[in-house]
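One chain, chain A, links the two complexes that follow: it is found with chain B in the first and with chain C in the second.
Our next item is the complex of A and B:
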């Protein structure tokens, strides 16, 4: 009897927990319809990047059609002045945006969070040095900083038909250049949040209990700055994709000829834009839609997760 | 106050030395063959040697840096490796173009951003508010180089109109100058204004719910006075910070605008110089950008004090 009651109680509890999750998800969908739209766009972007070789009808590198062909059934987005398929180039362009975006944000977030936590935990001269470095980096306009870093390192070369990991490695200079700015943006946020947590009673209690510095940072400080880091990541991803495209547009990102949204809008292509506007619309539309998705998703995540906005 | 400004200016000077050292190290970090970049692959070894001797590129890096710094302290910024032009002369020639781009696009940014942001918040959830929010998310998502490219293409296709190409001096040909700069800088400003609108809107929404606004309204102040003296003044604090950042970022935006419109400003100069490691040019443009950003930060901090008497300068 007792066990049956228990089973019933447990059963209802499990059920209600399921439906609570469902209700929570439905609540988010209702509160953040644009955020859901953004999430769908972002997922589609990732899927397209991964599945590019499977879904493109033509090779983006070879000359498959007439020069500057109008959009047609065979080439829905037309062809460029070399007779390459614009649709295929736009789809492959997602790969460059994805790998540079994810890798540079990863670099910025991991290094930046570590730097911010260490600066806040250690204080003293470590904190002063980090702050001075922040000041120096902050005194460059973003694009200028990226260009100087690219100038300092050698330019990337990209082989054809490589997998995404190889592509990331080949574009490491672009990743570092774009990521350096994010390191310091993350450091600034994490440091300021961690500083307020650093002297909170629970941290002092942990120190009194004999917790070491690694445990304090990993188990106590990091979880409390996590919400800020996640919100930062979603916004930063869009910025990283934009930065890579701007860099490639200026001719200092991926090498010419590589299918990327920034490169396809620059260089020799520009001479043909007036007679063949589809050359602008396909990569331009792709990057705008992707950034729109990340902006919507970032806004929604901030509303849902940012501790400063919670409960409003 | 004067003591604070003096300390900040000394801080800027110290930062400038660090910044120039960092850029110099960055550009000399990877051993690269400037002579080959500038002269091309067809030059003979003798030409390379002559080139390196002329610009002192064979000396050790510390010697090169000391020579550069010594020159700068005497007002001599050296010569460009690429064109052999005097950097200081070239800078003076190109500076007005970039200045005009940055100033005009900043004015567009500030006016559109604050005005539409404030209106959007004061008429929250009206069609106007939705319009502004839609525009701002659009402005955030369309890259400025794409918008500028579209400015060159679509009006030309549809109406046979194109903004004038190439730089004309404002004082020689004001209308020709404006025909190029106004559409271009407005287009560049769209993205920055979108960000500013969003921030202004949320700053205003924060302020209009404050007790002192209710008090002001209860005292029977006119709406105009409430908005301008109580709401705007308080909402401006975060907005000013962002405007400072955006003024600096527009220096980067100017690189893109100059590149798209073919303007011979500082941006295109730096861009060409970076490609061949022409560091006297890169250093000067980067240092100019850094000084500008730091001075803007100082001005923003000082204007905080002017706007909000509760804020005191740190000692």
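Our next item is the complex of A and C:
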């Protein structure tokens, strides 16, 4: 009987917890409609990238249609100078953006967070060394730094019809080049938050209990700066996608022929923009929409997760 | 040995081209003396594309300048600045080691040369003495040039306006031969045995063997090597020192890879005829096609080699009343090349499979909107005399994907292999690689494409042989010489690893280079093409494209030259018909 009562009580608790979550989500939807829109765009972007082979009407490499064909039922976004389907290329272009965006932000976030935590926790000359080194890197204009890294490590080569893991490996130079740019910003954010947390009572208590520096950083500091990291990731993902598109637009990203939004905005396509504006509208629109999505999502996450903004 | 067919006496409109050394190297087997002395008579010889000599007047349309796109009947006006566009880069100021310096910038403005090549729109060739007052060939192995009297250099350190002497040419030839970075020294290494200066006005070349292409644009007329005249004092620092020559213009100002300004040199040997007509020539280096179009439309430049046909159509439609749009079949060959030193391309079955799946017409249709031609054989269509009959070659180019797959299977081709194809980054080249990638995919061949900057491509790939395949547009050549030489074991070029490298065909190529009789050589060159096709050479032309040059209408007497990648050569007779 007691157990039955317990079950009823627990059930009630679970129910109330579910409804709390639901209410909270509905509250977020009401408070952050643009954030929700951004989240939908971001999810759609990821789904499109993963499901590209399943949802594209044509192979993006094959010359399936007439040269510079106008948008039609068969080719809703038209065709390019080689008769390739612009819709298929735009869908497949999401793969490059996703791979570079996620991998480079992951790189920048992991390295930047680690450096920020170490600098904040250790302080002294370690902090100074990390800060000065990163300031040197940050003194380069972002795009120039990316170009220098790509020039030093050589431009990527991309084979046709590869899966996302292989694509990530083949685009490693672009990932590194773009990711390096995010290390400085992440380090600064994480360091500034961790410096405050470093002297919090729970950290002092952990030290008093004999916890090692690694445990303190991993188990105590990191969870408390995670909200800031998540907000940073959502914002920088959009920037990473833009950086990749800029790099490809300049001809230093993925090689020609590989479907990528930046590449499809440059090269020979640029010479047909006046005659075939659909060549610019599709990849350009995809870049804009995705950036908008990540920006809205980032703003919403910041509003929800940043304690200073919470409740405003 | 065929007789010399040097033609003289065709009077041309007054210009510095007083003598035309017609088809000399191509047809000469006996001594020939070009009009010399007296009143420097206006003699002309030209050849219908690299071979048969014929009177200049008939080929060049009578009194007009060869290839003059807008030959006027008006009296040329002196003065003004002619601005042109180029999408090029250079590394130094050296015209010998930098192709673009030699063939577009200083090599055809600041420095003079003994002889040059002119082609008209139909690729009929003329060999024009520039600094040479006369050319004699007492025997097939000796060429004697007499310099024009009174020539001098521009007044700048360290030369300070001194007279041009024959020893300058001797030293320049030695410099080209000994410089490992010379863009092309095939004349100096393959053909030239010695060069001497018996006196200040005479230069004597001794050849190792008769040279069928002696005066062509790849030998003595080659602007960046050939017979360029550089003052000997400057040879040890050509990369960086101020350019000083005896050509029609002198360097006035430059910002490397941005802008070059040349001003008229009054001491130029053509100055007595009023040449050059334009006071200044300016080159603006703009790589971006959209920026090029803007610069032309806004008249910041008056001459523009339009990169793609569609843009030419648009510009012509918009500005039709105010511009002239020239078009001609370029001699530039756009080629596919595979390294036979590396598997799988050393297997003739793989090469044949490549021929089976390669659709050359698709390259022309997609890249050039069908404007141009696909050669029936292996040489540019503009080299008319050497063209094979399509019926002779149809079997080699036949498309058959099934057979291609069978050939690859028989050769044990590894379908997981990624063929690494590189190119010089550019719209035409990049599209060509994509087309090859797509055509190869039809038989399961995987191709990875890599566009590179020219210097990077040259140094990392071409010079090292560390390449598997490339697709690229070439400079233009006015004879079969370079294409055939690039098939040989010894290319005498930076492209050491190119072509088929078959000893039997090597011997055929060498023989043709030394055959002065035009008809016999034409047959030999045709035989070589068939022999190369029989072995499915890994180096062939996909197409020749139609080139477009846009000019504002007041640009008069612009000289079209299919052998100069759409850029005119000296063009001293060009003038501006505006206030």
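As a working rule, the second predicted complex is superposed on the first by the 301 of 312 C-alpha atoms of A that agree within 3 Å, B and C clash if a C-alpha of one lies under 4 Å from a C-alpha of the other, contacts with A are read in each partner's own complex, and residues count from 1 in each chain.
Definition applied: contacts are C-beta pairs under 8 Å (C-beta built on N, C-alpha and C of every residue); 3 or more make two chains touch, one makes a residue touch a chain.
For clarity, every value in this text was computed on a predicted model and none was experimentally measured.
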| message | Given the alignment on chain A, is it a clash or a fit between chain B and chain C? | response | clash
| field | Partner chain(s) touched by A:284 [first = chain B, second = chain C, both, neither] | value | first
| query | In the superposed arrangement, does A:270 touch chain B (first), chain C (second), both or neither? | reply | both
| message | Quick check for you: in the superposed arrangement, does A:63 touch first (chain B), second (chain C), both or neither? | response | second
| Touching A:129 in the superposition: chain B (first), chain C (second), both, neither? | neither
| message | Is A:140 touching anything from chain B or chain C once the two structures are fitted on A? First, second, both or neither. | response | first
| task | Report the partner of chain A that touches more of its residues: chain B or chain C. | result | B
| task | Applying the touch criterion given at the start, work out whether A:83 contacts chain B, chain C, both or neither, answering first, second, both or neither. | result | second
| message | Output check: A:165 vs chain B and chain C. Expected answer is one of first, second, both, neither. What do you get? | response | neither
| message | Tell me the contact category for A:148 with respect to chain B and chain C: first, second, both or neither. | response | first
| said: Applying the stated clash rule to the superposed structures, which of 224-232, 458-466, 512-520 or 548-556 from chain C runs into chain B? | reply: 458-466
| field | Overlap of the chain B and chain C footprints on chain A, listed as residue numbers | value | 251, 270, 274
| said: Can you tell me which positions in chain B touch chain A when the two form their complex? | reply: 15, 18-19, 22-23, 26-27, 29-30, 32, 137-138, 140-146, 149-150, 152-154, 156-157, 248-253, 255-256, 259, 270-271, 274-275, 277, 282, 285-286, 289-290, 293-294
| query | Across the complex, what residues on chain A touch chain C? | reply | 61-63, 67, 81-83, 155, 157-160, 251, 255-257, 267-268, 270-272, 274-275
| task | Enumerate the contact residues on chain C facing chain A in the complex. | result | 289-290, 307-308, 310-311, 314, 362, 365-366, 369, 418, 420, 425, 427, 430-431, 433-435, 437-438, 441, 446-452
| field | chain A residues within the chain B interface of the complex | value | 132, 135-136, 138-144, 147-154, 242, 245-246, 249-252, 262, 265-266, 270, 273-274, 277, 280, 284, 287-289, 291-292, 295-296
